[in-house]
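The same chain A turns up in both complexes below, where it pairs with chain B and then with chain C.
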Partner chain A sequence: MTRFLALRFSRALLSILLVVTFAFVVLRLSGDPALTIMSPEAPPEAIAAFRKAWGLDQPIWVQYLRYFGAIAHGELGVSMRDGRPALALVAERIPATLMITIPALMLKIALGIPAGITAALHRNTLRDRLLMAGAVAGFTVPSFVLGLVLVLVFAVRLGWLPSGGDERWTSAVLPVLTLGLGGAGILARFTRSAMLEVLGQPYIRTASAKGVPWRLVVRHHALPNAAIPTVTIVGFMVGSLIAGAVVVESVFSWPGVGRLLVVAVANRDLAVVQCILLLVSATMVTANLIVDLLYGALDPRLRVGTAAAH
Partner chain B sequence: MRDAGLLDLAASSLTPPGATPLLAIQDLTVAFDGVPALRGVDLAIHAGEAHGLVGESGCGKSVTLLAALGLLPPTATVRGSVRLDGQELLGAPQAVLDGVRGGRVAMIFQDPASALNPVHRVGAQVVEALRLHRGLDGTAARAEARRLFDLVGIPDPTRRLDAYPHELSGGQNQRVMIAMALAGEPDLLIADEPTTALDATIQAQILDLLRKVQRETGMALVLISHDLGVIADVCARVAVMYAGRIVEQATAEALFANPLHPYTRGLMSALPDMDGPRRRLAAIEGAVPEPWAMPAGCAFAPRCGLAVDACRADPPPALLPAAGAYRPDPHHVACLRADPDHHVEPRWHTASRSAAMTRSRVQPSARA
Partner chain C sequence: MSDLALPTPNPGPAAGVGDAASAPRQRRRSLPFGVALAAGWIVLMLVVAFGADWLRPYGITALDLRARLLPPVGFGGSIHHLLGTDELGRDVLSRLIVSIRISLLIAFCATLIAAVLGTTLGFLAAHFRGLIEQAVLMLIDFQASMPFLILALAVLAFFGNSLTLFVCLMGLYGWERHARIARGLAIAANAQGYAAAVRQLGASPLRVYLRHVLPNIASTLIVSATLSFPEIVLLESGLSFLGLGVQPPMTSLGNMVGYGREYLTRAPWILLAPSTTVVLTTLAVSMLGDWLRDRLDPTLG
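Right, the complex of A and B next:
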């Protein structure tokens, strides 16, 4: 078990390293922060001074090594734009993001999983087709379109809810709906196919053949098996709690991490972008690690230790 | 016009005289999305008997018994009558079926590894049946599950109760399935190709076990198999199925000594002899007609060496006792050309025999 964890943990670190490296290289090759932040009309001496101050005059591999040296000391850099520590800038945005992504995740689970199970149990009936039509609509309509439609209906026409901002708690409702409906569609599709796969397995027929009532066949024999693929998708959703709302935050002017990311990328505010990416990849990787551990709990075939007999 | 001389029309029912069947299947038809799979099956299983159901893949052996227990998917249309001790099962309320399944009638399947739920311990899966059908719970249920494991020959039963299916071998999983089937103290055990997925040595052990539990519990056994050898090993009576119908039914002794239906005879000549000269095994030419393209007459006629125009024109006669058959358990056959008194070798049968003789002379056994 310790060996398994150590292996998984080092793979997780490697994933983070790759993401951060990729981001570092791409960001530095795609634009000059000095020109973006200072404006191209600034005197050349000022730009050169800016570059020197931020170490941008060094070769990229020197910058890269310095960057990692700093990370090793827990130093995530300072925003080039307003001089505050990047981590603090990002951290103060996290609560706002979680305020919409956590309810949205709960909405996805509460709608998507029951919808998928119901559709699978009533395969090819009208109920199945209606649910799946809704699910497909949910995840094929881009979130900015869905967001704007919701704004049009609930803010502009009906005037029930604010169209953006974060002044009242009701401001969160439309972002949550926008995020939640799309994700619920995805989850419903996955849950349905996982359930259909499981319901076709011989052990389901065995359960019926030994006289288990159908609702118990579903609850006790089908659902635990269908949970495994479903947990994978929920894991991805948990992993994107921090950064999954970039578009929606922009549409609703919600002051979360996603909006900060958009602004920071536009400004080539390298430290902030890298800090967000580090955080996002760490979250995603942690979520995957938890999913891996959950697999073992859900499926004895994947359990470490007993697998030796296999 | 049928040749009445071939059949003893005076003889009556399909069941041995003086016995009410435990399970009576009558005129059972099954169609999947309109495509017929069973085309009128009559089968009677008597208390305590070991009855074989043989035929090639897709002939409807499994479908017959799955339909009887209401275990087919909703896409199947099932018609006819299935009575268990006089109680109609087709269209019975779900609660009645749940009580019968795993209780009076238990079933085991082909691939024991996938027939057991991978996420539950095997002991718990047996306990579930004990709880449903015998109201046992807790330590009493566990003790009974342990006893059943012991009965079916699982070594170290106490420890095995806590194993998951993937930790056991195929043979052991099939023993678990049998223990689970015995949990409800059934009057009838349906074994659907129980040894097909197992190694040959394990096959023999599982068949021995089935024979043993059948003898010890006195339950009836329906053994579904495509393997005549397996059937001959275990069963006293045998029904042969072809393309959704039963074409011949007799005691195992009568069937193997004197197969009447050309299809059964084809199956037999496809078996190697245990003694006698080596010969090329005769395959039945052609293939089973597709269910959506059944011929108007006998489904076997296109492959039959004995078929005459009448076979191709009209459906074959109902399953009737053949003249001169063994009494009191008559030999039934659904064939115009079956004639127990004038045994005609089908063409392909004769041809293969002579070809085999030539072959055995040309190639004497090298190791002799």
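Right, the complex of A and C next:
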């Protein structure tokens, strides 16, 4: 188990390292910062002074290390739009995003997992086909189409719910539904295939053959084993809580991180984009790490450490 | 067995395990109805994409200010504008046809780039093993664990937008799946007699991989590309919807939905026509992909 954990920890660190490197490389490739910020007609002495002041005259590896140092100290730059620290700007949007992504995640789990299990247990029946048709519809319909159709029906035609903004709590209903229904489809398909895989295993046949009631076979033999791949995908969904609503927030003018990201990209506000990128990757990596820890709890084989290299 | 018509999940390791037993019986059966319908839709889309310039009744920027926001035929519109017009009197059908061409073209190029890139990296990993393989595996893990949309948005923010860059960026989507598959299959193929035999005969590695290994694993790679195609369509339309993908005056399906959104109450047809097209196309391609997978390679997860 310690070996397994050490491996996973080093992989998580490596991922963060890769993201920071990615940001650094992309930032440097996108143009000479001195020329971007100062006009090309600026006197060469001024450009040289600027380069010296920002450490741009140093060799590239020194700049790279400094960049790491700054990020480690939480210095993620200043928004070019309103001059405030990018981190503060992003942080104040996080609660709004979580307000729709957390209920949406619960909706996904509440709809998707039971639907997938039911479909797998009643494989090739009408129920299975209807559930899976719904699941396929759930993820082939892009979120902006689903969102706009919901607006058209519930806000424009029926007038029950607001079409956007965040003034009332009812404003959150449509974004949550849009996010939740699409994700539920993905989760249902995943759960179904995980269940089918498990139900085909010899130990299920053995358990049935020795006379264990089917209900208990499902509960004690099938579900725990099917949980492992399902946890992976749920972990991915948890990791994308902060930035998984980019499109949906734009559809409903919801003032969250995703909306900020789209605006920042459109204005090329690099500090904000970079800050969100790092934040998202940190969340993602943490979620993956938690999933790995859960594996240890769910799958005793991993605790012994023999199955770590699958 | 209409189970074939219903897509089974692509990411999991499970799909098709139970199907394998009944596969020989199904293999003889003709195309399931749903798949035939999907194939028909795809053919229609291809015809539209290739013949866009002959099929579109008007230019995409041709204005008809006297016929603004005209509803489609059957909803009070005229026969001259089958799907109605937008706020500037531009013909929605014409714009739809051109959008289909651009969206499909982008998705097709991107799928091709991803497949070539992924297969190359997979082969490199399988051939050299050791450090190179570890590096490729690390990149695969990294790509698989990051939300692609965020990475794509970051690149667009840093570099600005151009069509070439946008297509290349979309071409990074899904390469890690192709790489994983290509690596696994190439390792397996290397252990088989035929690859060793041609190598003994003095064939260069390039020849072994391109002329001998690739044809043997192509069907699996094609299926995997078919499965990632609809995802790229969705990604492209999502980014274009946000105004960060295909830029005006060019038009794409997501782009049309994006500006149609402002006329949601007065002229919902501007948005519904491209939305329906996106949904039907992604649905059709993923149905076809799932069917192909079950037929050609039930082991592919």
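We take it that the second predicted complex is superposed on the first by the 250 of 310 C-alpha atoms of A that agree within 3 Å, B and C clash if a C-alpha of one lies under 4 Å from a C-alpha of the other, contacts with A are read in each partner's own complex, and residues count from 1 in each chain.
Following the convention adopted for this analysis, a contact is a pair of C-beta atoms (placed from the backbone, for glycine too) under 8 Å apart; a residue touches a chain by one contact, two chains touch by 3 or more.
Predicted model, so just to flag it, every value in this text is computed and none were measured.
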Combined model on chain A: chain C and chain B, fit or clash: fit
Touched chain A residues, chain B compared with chain C: C
Which of chain B and chain C A:101 touches, first, second, both or neither: neither
Partner chain in contact with A:178 - chain B first, chain C second, else both or neither: neither
First (chain B), second (chain C), both or neither touched by A:262: second
Distance in angstrom between the closest Cα atoms of chain C and chain B, superposition on A: 9
Footprint overlap on chain A, where chain B in one structure and chain C in the other make contact: none
Residues of chain A touching chain C in the complex: 11, 14-15, 18-19, 22-23, 26-27, 29-30, 123-124, 129, 132-133, 136-137, 140-145, 148-149, 151-152, 156, 189-190, 192-194, 196-197, 199-200, 229, 233, 236, 239-240, 243-244, 246-247, 250-251, 261-262, 264-266, 268-270, 273-274, 276-277, 280-281, 284-285, 288
Of all residues in chain B, those that touch chain A in their complex: 66, 69, 71, 94-95, 98-103, 106-107, 109, 111, 114-120, 128-129, 132-133, 164, 166-167, 177, 180-181, 183-184
Complex interface listing, chain C residues touching chain A: 1-3, 6-9, 11-15, 17-18, 138, 141-142, 145-147, 149-151, 153-160, 230, 234, 237-238, 241-244, 254, 257-258, 261, 264-265, 268, 271, 275, 278-279, 282-283, 286
Chain B-facing residues of chain A, complex: 201-203, 205-214, 220-221, 224-225, 298-301, 306, 309-310
